[in-house]
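Letters A, B, C and D name the chains as they come in the text, with residue numbers starting at 1 for each one.
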């Protein structure tokens, strides 16, 4: 696989939590080069280093510190082959539409267009094949587009869940039931996000809209395209029922998820068979040798007390999924614990890997 | 209901986490009077205030500070009508047997005798009726006993789970399936317990033996006695399958549990019916007007983000159970979140309430 | 000392962090009765239980839950003999002036009027004598007032500091130098206050304006009145230099302060003498038998690792000051550690105790 | 400066917190190669990956995972040119003596030999010149040694303190007074170390022996050698008085210190002069181009709320010191806040950098 030498990219929502992570990751990227930064009009016209409340554990990259922040209008991003959106949901919807209409390729971490019937919702370690709907997406715009499109990535919790589910479905056929309880890190709520008085020495057993997202997005991602290739089948050929409980916990980064699954196949696979399937799973992102792809898509821990967010979230730069405690479930078939880095694979890394895949597959012409 | 004026009690394991909570609760008790304190031989012979590493948010009660700690041998506790055991599992087994053999009534928080086929495992808000096995328990000892017995209370996580399950079974008949994920506080592990390096900014997705305890204890508690009254039926007439995942979270006190249940009754009760059954549930401990019983056995929260450990764990002195987020489950029938104070109802308060019930029912002659 | 049967009081800023603590404390008060609640126009006209984001560990008191919230205008508070202000500094200044002009007695926790040369800044365990300036304060208004006045209490960190300093000055004469480093709890910043992403696993070594407040307020509180009784001497007869470093730490409640002091008296008192002076210190609030006063103004800990916020902040309902680690300082004379409950004595309890003192001293006619 | 291609090193206490950090750092080192690992007899004879309770955020380095752990006896380390000791103080004293007697070069993080009058106590960014006492140290052994010696590094808190103090003394002459309050991370106490019940939502205002270490070590490090070069002058030509208060805070890594200083020079330097001196300070470790030395010895933050442990502890791989909030002190002359990574520069990195310096200066013949 050969990638281009240099691809100019833009970042929308550059001063936010996800935007900052985009900047950290892109600054060390082998061929994506940050060319433009977009933020609110409050910040526009000023140097990035001045207006960002930087919260990363590495300093603001030197090449970015003095870059002038732009308003989030497509004009200023015309030279970008790719635009990454870390925008808040309040504004992402319209801005991303405007960028698409201006023939820009938008890879968005925002939730706004995830349910759009022609926008792919892609977890790069699972369903890059959904990129094939993009010509149809372009054709529906008026005027029809030749280059612009929107690709979204999934909610951070969904992302962690669907990778092992995809590996199990690939090996053993469709799943029927999934019960999942999440323990989600505070960074998932952005900045300022969760007040410390709400979460220190505490659990908040509710995250608005999160359970619905997990229950719905999972079927879109794990399902295929409709037979005409112009829509998503939402796993409807073998319906999948997902029940999610989402909680916020006093952890800075890394979502932990307790998952139980039931297969349609009877008898279900054994623990040993499932373990092997998880470990051997290789995603298209890896096959395409995307630079942001992890070496191991799913790392299976055999120690009884892993994965743990603080110890495992930075493994493989947070680009893979950690699974542990794989064992039988007395109610469904199998159960296990998932850990996903919500800010990396759960957000910025997925957008970037999706863009790498799109470049590799020539969906974007660079 | 009339209770006696004063009942002398002893506390074993008095310097440990549970023992300290026993002392705080008993110091304000209307008729239990602390008469003897037992701890390891390291502490024996010295004043309690000197040897305890006191970790409670109230000072050592004055009447206890200068009490001389005893070794855990029945001799020193002969005048106690009741002995509460907060002993560690490493030593609780034999010591409690020795106390029973010496005709003492032992209410234990330790796990050692919970699976004994003639020792009742009692959650005071659920199954005080199991006290009726005590005559049989006494009769099996050699020589047969006239006063001594052992009653255990459940694991802290089980305790939080079975109270709402009992309320639902009382109203709607047997449950068939339960999936539960716990988020357990560090105080559940005693002192020194969980190293801070293991739990700050972290989740540990495993607590040794805890899942097995929850899966097994639930059936013993929710089941009845066998027809001859000399054993426990373990819910076998209508088998109950429980699948538990137990995690440790950075919370000081209060276990949170995400629970999904399936009823045998079809169709299952609605959310509204279940809510009413939970709220109206009145336990025998309340009917007997036990002083440690909560006013409301199960407090149902309607706010979407409650219960929360920091805000709700001390409600009703931690003697009741909090339930929230009652809603339909897409996989089983209903799901909800439970909060139980693991150190109060989950440990010391249960032992004390069990003893109050035993006094009220004249199982103990005082 | 005899107090009246019932005194009607109002609470401004009733939905905020300090306002909520006022409500918890006043609901159990022997003679203050909550009569009116004031908040922003967003909340006005609705039941308190509906509009408050209640964050206390006890439920909203029943008598208050259905009380209709008022706008913060004096009209609605005319029947209140006392008005407690937990208002934010953005609005407190003008509102409190309007209330005073309407002949209301305002006890404010806000910083706005603390530097006013005729408004007393009173820490109830230190300088209630400053109430004597109130007639002069009234006389300066136009028209002159007969009942209205403003009394402020100090910043929470200052409050913890000045109590032991006052005890030392009372026993050994003026202090000359104070170096203090604070470790302040997140609740000091109100709600939503400190974002969790800023403080989990972290220290923020700066709190805007806090060091200046500590350095300045200390002299106003520890100083006397000018000779004509119409102003404050700001400790100028024997100048006191205070150097403060203020940090925010991941603690929910309770400010810890490391303090070093130098006396003007040479040789300085010994550790033993200082310990005795701290322990024996009795404030006017205690002499007047104010119901909110602690039994012991300064509790001196001899254990080497106390006071600790989690273990000691609720001692005496957070109304006293904890001192520990009293020892020689190699640079100044003595050093020690202070713990003050920032939400109780550091805020609401001080305002309430100041009002009790004003009632006892007949500054308020009830 | 040219360094050798490869130097074999050993690590004592390899399974502990500091030992693990040694292994992480040495695994990526340009010329030190881990050749032998020592731990207690419990672990000896087994593969490192089996016996270590690994708590680092990166996996056990591959080359080390299968290495067989040795007992801490010099025999097994004979081929090592350098031995790093991360041993606990209970055993470090004798073991290090045995290694020195066996002609091994020991760089120790343990406190045992720090006060030895011929063992240098070296903070690599401050006083590598003290290495010149090693010939004298060797000559005092019987028999006199030709290669063996012990070099210690300082307590983690002292290390953070003395770097800016050295920079100030280099520019403005001797300091006279230092008042410091530390907020120390839990990792400073090793593993299991601080129980979570002791530190969550809490401060422990005492760390046994720590204040004495800071007060004493500072003078040894900042002082020079005696005129005959056979001892340390302990800053006695211009006595330095240090007063330390040490507290433990709920932070995982990174010690924060609030420091006030007084110079002997009158008038003292201005804030601007001090800022420049700190920023321009270049240590010998940097001049020698040691690979573990930071680019900037002291990074001066101008933002009002920095340094912060979570954001700044990993800057420059934790090998430099962060200083912020430089300003005038109303009691002494200047004050500022220091952040040091207690596990890197405060422990393992210092030992490694000391060894690099010793290699560069040919104190060790490799």
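Quick note on the criterion: a residue touches a chain if its C-beta (ideal position, glycine included) is under 8 Å from a C-beta of that chain, and two chains touch if they have at least 3 such contacts.
Nothing here was measured: the structure is a model prediction, and the numbers come from that model.
When the contact pairs of C-D are matched by residue number across B-D, A-B or A-D, over half of them reappear in A-B. In terms of C-beta pairs in contact, the better-connected of the chain pairs A-B and B-C is A-B. Subunit B and subunit C have centres, each the mean of its CA atoms, that are 41 Å apart. Averaged Cα coordinates give subunit A a centre that lies 49 Å from the centre of subunit C. Each chain gets a centre from the mean of its Cα atoms; for subunit A and subunit B, those two points are 43 Å apart.
In subunit B, the residues that touch at least two other chains are 55, 200-201, 250, 252, 310-311.
Taken as a graph of touching chains, this assembly is fully connected, with contact between every pair of chains.
Chain contact summary for the complex, subunit B toward subunit D: residues 17, 55, 186-187, 191-201, 250, 252. Note for the complex: subunit D touches subunit A at residues 55-59, 200-201, 252, 310-311, 313-315.
Subunit B meets subunit A in the complex at residues 177-179, 181, 183, 200-206, 208, 215, 241-243, 245, 247, 249-252, 256, 258, 260, 304-311, 324-325, 329-332, 335, 337.
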